[in-house]
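Both of the next two complexes hold subunit A, though its partner changes from subunit B to subunit C.
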Partner chain A sequence: MSSAQFVQYLIAGITSGSVYALVGLGFTIIYAVSKIINFAQGEFVMLGGLLSFTLIHSAGLPLIPALILSVIVAAAIGAAMYLLAIRPAKKASVVSLIIITIGAATFIRGMAGQELTKAFVRSPSFSGEQSISFLGAHIDPQALWIIGAMVLVTIIVHLFLTYTMVGKALKACAINPVASSLVGINPKTMALIAFVLASALGGIGGIVLAPLTPMSYQSGVMLGLKGFVAAAIGGFASPIAAVFGGLLLGIVENFAVAANWGPFTSSYKDAIALVVLLLILLVRSGKLAEEERAG
Partner chain B sequence: MLASLKRNWSYLAITGVIAFFMLIPFDWFLGQYTTLMIFIGIYTIVTVGLCLLMGYTGQVSLGQAAFFGMGAYISAILSKTYGVNPWLAMLIAAIMTGAFAYIIGYPIFRLKGNYLAMATLGLGLIMWILFTELSQFTGGPDGMSGIPSLSIGGFVFDSSFRCYFLVWLFCLVVLLISQNIVRSRTGRALRAIHGSEAASESIGINVNQFKVKILTLSAVYASLAGSLFVHYLRFVSPQPFDFLASVKLVVMAVIGGLASVWGAIFGAGATRVLSDELLLRFGQWDIVVYGLILVLVMIFMPEGLFVKLKELYERFRFRYRRREAQP
Partner chain C sequence: MLRVEGVSVTYGRVTALREVSLVVNDGEIVTLIGSNGAGKTTLLNAITGVVPLKNGTVWLDDCRLSGLSSHKTVRLGVGYVPEGRQTFGAMSVKDNLTLGCYSQRGRNPLSTLGYVGWFLRHPSVQSNLETVFKLFPILKERQKQQAGSLSGGEQQMLAIGRALMSSPKILLLDEPSLGLAPNLVREILKLLIRLRDEGLTILLVEQDAAAALKVADRGYVMERGRITIEGKAKELLFDDRVRQAYLGKTVA
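Presenting the complex of A and B:
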C-alpha cells in the first residue's frame, strides 16, 4: 500500500467514522440519561438525509434553510417518539422497551418510504464536486464537511454538557436520577431533552452524509447498528469515548476492505462492523452484565 | 372423566383448530386462500419458537429470520445443487441450524437485555449478508429456482392443495411438542428464568443451559419452516429473511401474546392476512402498521393482544356466572 493509498483509506475511514460517531453520541446520551437503548437511532440519520434531499429537490429550498429545517424536523420527530411511544410505557420491562423502539423505528422507516421517497437519493454537495488533492490522495470536499460537522458538534455537545445549566442537569440525571429529582431536576424532562438532542445529532449526520453516500429509507438499520458499535466501543461511558469509537470503527472498516483479504471484498464491508459488534459485546459481556444488574 | 377432559382442553382445542384448518380447503376456501393458509402455517411454526424464547424465557431475538433463512437455503442448496433427497435435506438443515444455534447460544447468552437484542440483530444481518453475497452457492440477490418438491413414494407435494396438508401436519406436531414443553418441568423452569434468573439459579435451575436449549429448539422450528417454505415455493431469495422479516416475526409473536403457544397461530394469521390481503391494496403501508402495532401493543398490553383478549373473555365469563349465581 502506497502512502497516498494509505491517506486515502484513512480519510475515508475518518469520514464514515464521523457519521458513526454522531450516531454513537446519540446512543450514549440517551442511554446515560434514561437507560434506554434507542433502536430507532439510525432512522434519524436516514431522516436527516431524506428530508434534506426532499426539501432541496421537491420544495426547492436553498441549501442552508433546508439543512436547518431538516435537523429541526428530525429533532421534533425524536421528541414525538419519546412523548408518544416511550413515556406512556411507564414501567415497561427492558424487553418491552426494545420492542417499542423497534416498533417506532419500523414506523418511521415506513413513513419515510411512503411520504419522502422510495429510491436511493443523493443530495447535492455543499461545495461542489471538485476533489481536493492532499498528500497524493483525492478527497471529496463533502468528506471535509462531514469531518468538520462532527468535530464542531462534538465540541458544542461537550460545552453544552459542561457549562450550561441544562447540560449539567442532564449529567446529574445520568449519574443519579433519584438524587437529581430531589434537587428539582425532572428525569422525564431530561429524557425528553436527551431524545431531542440525539435525534438532532442523527439528523445532522444524515444531512452531511447524504451528498457523499446515496441513501434510502432502509439505510437507517445499518447506520444505527454502526452507531451502536461506536457507543459500545466507548463502553457507553462518555460522549467523547463514543466519538473515538466511531472513528475507530470507520478506520478499521475501511482498512479491512482495503486489505482485500481472501474472500472479504468490499461487499462484506457491513459484515466487518457486525463482527466487531459481536466481538465487543462478547469481550465486554461480563462488565455489561454487571452494569445491567446495577442499572 | 370431566376433570381430565378439562385438564386436556387445550390439547382438544389445538386438535380442533388444526382439524378445522385442515378441513377448510374442501369448502369454498379452496383455491382462494390456500396459499395464504400455507404461509400462516409456516409462519406459525417459526412464531411458536419465538414465543417460547421471548415470551416464556424472556430472551429477545431480533434475528430469528436468520434461522428461518438457514433452513431455507441449506435445504435448497442440498436438494437442488447436490441432488440430496428433499426430506434428507430438510433433516440436515434442521440439524445444522440447531447445531449453529447451540454453538452460538453459550457465548450469546452471556449477554442480557439490550445487548442480547443488538447481538441477535447483528447475527441476523450477518446471515442476510451471507445469503446475498455467497452467490456461487445461493444465487445472490436473484435467488435460485427449480428447487425440488417434497414427495413420499410417487406422491409429490407439488400443488398448493397438497402442501397445505403437509404444512399444517408439521404445524400440529410443532404445536403439540411446544404445548408439552410449556406444561412440563422445563416449561416451569423457563417461566422461572423469565421471573428472576438469580432466584431460578438458587433453586438449582441451570439458567444458561435452558436458554441455549430453547434457542436451539426455536432455531430447529425456524429451520423446518424454512425448508417447507422453499420446497413449497420451489424458489428462494434473500428477501424473506432480511431484518424486516425478523421484525415481522416479532410482530407475530407480540400479537399472539408472547407467552402463549396458541397465540402463535393467531399472531401469524393476523399478520399474514394484514399484509397479504388487507394492506396490499394500499401499497406498502404494512411496515407502518407493523410499527404502530408493536408500539401500541407493548404500551397497552405487554402480555400480547391474544392473551389480553383471552383475559377479557374470562373476566366477562366470570362476571356473567356470578350474576347467574345470585338471582
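Presenting the complex of A and C:
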C-alpha cells in the first residue's frame, strides 16, 4: 500500500467513523440517563439526510436553512418519540422500552419511505465537488465537512455537559437517578433532553453524510448498528469513548476492505462491525455478568 | 409544619406502613426510632415521594405533598438526606453542592441552560454555598475533589450540605450516624441542634436511639410499620419500654 493510498483509506475511515461517532454519542447519552438502548438512533441519521434532500429539492429551501430545519425536525421527532412512545409506558421494564424503540424505528422508517422518498437520494455538496489533494490522496470536500461537524459537535456536547447546569443535571441523573430527583431534578425531563439531544446528533450526522453517500429510507438500520458498535467499543461509559469507538470502527472497516484479501472485500464491509461487536461481547461478557451480579 | 395523616405504604403484598400519623412542629427536632425494618426509611421515602402512598396524606404547611414525585417535594421545601448519603461520586464536591440548588432554578430558568458560573452568581446560591462552607469548612477545602474520594464522614457532611443548598423548610435525615466514628456522630448531632436553633425544622431517623433522643425535642417509636409510642424525648429516654427495647438497658 502506497502512502497516498494509506492516507486515502485513513481519511475515508475517519469520515465514516465520524458519522458512527455521532450515532454512538446519541446511544451513550440516552443510555446513561435512562438505561434505554435506543435502537431508533440510526433512523435519525436517515431522517437528517432525507429531510435535507427533500427540503432543498422539493421545498426549494436554500442550503443552510434546509440543514438547520432538518436537524430541528429530527430533534422534534425524537422528542415526539419519547413523549408518545416511551413516557406513556410508565411501569415498563427497560427491556420493554428497548423493544418499543425498535417499534419506533420501524415506524419512522416506514413514514420516511412513505412521506419523503423511496429512492436513493444524494443532497448537494456543501462546498462543491472539486476534490482536494492532500499527501497524494484525493479528498472529497464533503468528507472534511463531516469530520469538522463531528469534532465541533463533540466539543459542544462536552462543553454542554461540563459547564451548564442542565448538563450537570444530566450527569447527576446518569450517576444516581434517585439522588438527582432529591435535589429537584426530574428524571423524565432529563430523559426527554437526552432523546432530543441524541436525535439532533443523528440529524446532524445525516445532513453532513447525505451529500457524500446516497441515502434511502432504509439507510438508518446499518448506521444505527454501526453507532451501536461504536458505543459498545466505548463500553457505553462516556461520550468521548463512544466518539473514539466510532472513529476506530470506521478506520478498521476501511482498512479491512483495503486489504482486499480473503473475506476482507468491500462486499463484507458491513459484516466487520458485527465481527467487532461479537469480539466486544466475548471480551466483555465476563465483566457484564459481574456488573449484573453487582446490581 | 409537617403533618403525616394515616399513611399506608405497601410493597407488593407486603405492608410496610400501616396508618402512620405524626406531626413535626416548626423549629423542632423530632426523631423516629425503631429497629431495622420497622418502616422508618419507608416513611421518609413516602413523605418525599420516593415511594407512592397507598392511603393517607402528607402536608407541609398548606401544601399537600402526597401524590407528588420527589423532585417536586424538594421544590416545596423538603430537604432529604437519604440513607447511605447518595452523593454524586464521580462529580466534584462543589458540583454536588451546586446541584443542591437545582430546585431553586425556577427563579431564572435561563440560568440552567447557560454557563454554571452565571448560576453560581445568583445571590441565593452564593449565600447558601457560603453558609454550607461555614458549617463544613472541610468541604470548602475539598471543593474540587471528587465526592467519591471523600471519607464516610465527609460524604455525610456533603449530603447534608447538598440538602441545605435547597433552602429547605424541613430537613429529613436517614441514619446520618451510620458507619461513622463516635466523635463524628457527636459532631453531626451537635450540628443538628445548631441548625434547629437557627430555625430549621428537623425529622431525624436514627438507629442509635439514645443519641437521637438526647438531641431531639420529641420522639416517635416505630414497630412493624406502626407508631407505637410517642412523647417528649426526655420522657422517652426514661420510658421503660423504650429503655428495654432500644436503649439496651434492663429495667430495674
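Here is the rule we go by: the second predicted complex is superposed on the first by the 286 of 295 C-alpha atoms of A that agree within 3 Å, B and C clash if a C-alpha of one lies under 4 Å from a C-alpha of the other, contacts with A are read in each partner's own complex, and residues count from 1 in each chain.
Just so we're on the same page, a residue touches a chain if its C-beta (ideal position, glycine included) is under 8 Å from a C-beta of that chain, and two chains touch if they have at least 3 such contacts.
This structure is a prediction, so every number in the text was calculated from the model and none was measured.
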{"item": "Which superposed partner A:171 touches (first subunit B, second subunit C, both, neither)", "value": "second"}
{"item": "Contacts of A:152 with subunit B and subunit C, given as first, second, both or neither", "value": "neither"}
{"item": "Subunit B versus subunit C as contact partner of A:278, first or second or both or neither", "value": "first"}
{"item": "Partner chain in contact with A:163 - subunit B first, subunit C second, else both or neither", "value": "second"}
{"item": "Which of subunit B and subunit C A:186 touches, first, second, both or neither", "value": "second"}
{"item": "Contacts of A:268 with subunit B and subunit C, given as first, second, both or neither", "value": "first"}
{"item": "First, second, both or neither for A:259, with subunit B first and subunit C second", "value": "neither"}
{"item": "Residues of subunit C defined as touching subunit A within the complex", "value": "48, 50, 69-71, 74-75, 80, 82, 86-91, 95, 98-100, 102-105, 111-117, 119, 162-163, 165-166"}
{"item": "Subunit B residues touching subunit A - in the complex, by the definition given at the top", "value": "54, 58, 60, 62, 107-108, 110-115, 117-119, 121-123, 125-126, 129-130, 133, 243-244, 247, 250, 254, 283-295, 298-299, 302"}
{"item": "In the complex with subunit B, residue positions of subunit A that touch it", "value": "37, 39, 84-85, 88-89, 92-96, 98-100, 102-111, 113-114, 221-222, 225, 228, 232, 267-268, 270-271, 274-275, 277-278, 281-282, 285-286, 288-289, 292"}
{"item": "Subunit C contact footprint on subunit A (complex, rising order)", "value": "163-166, 168-169, 171-172, 175-176, 178-187"}
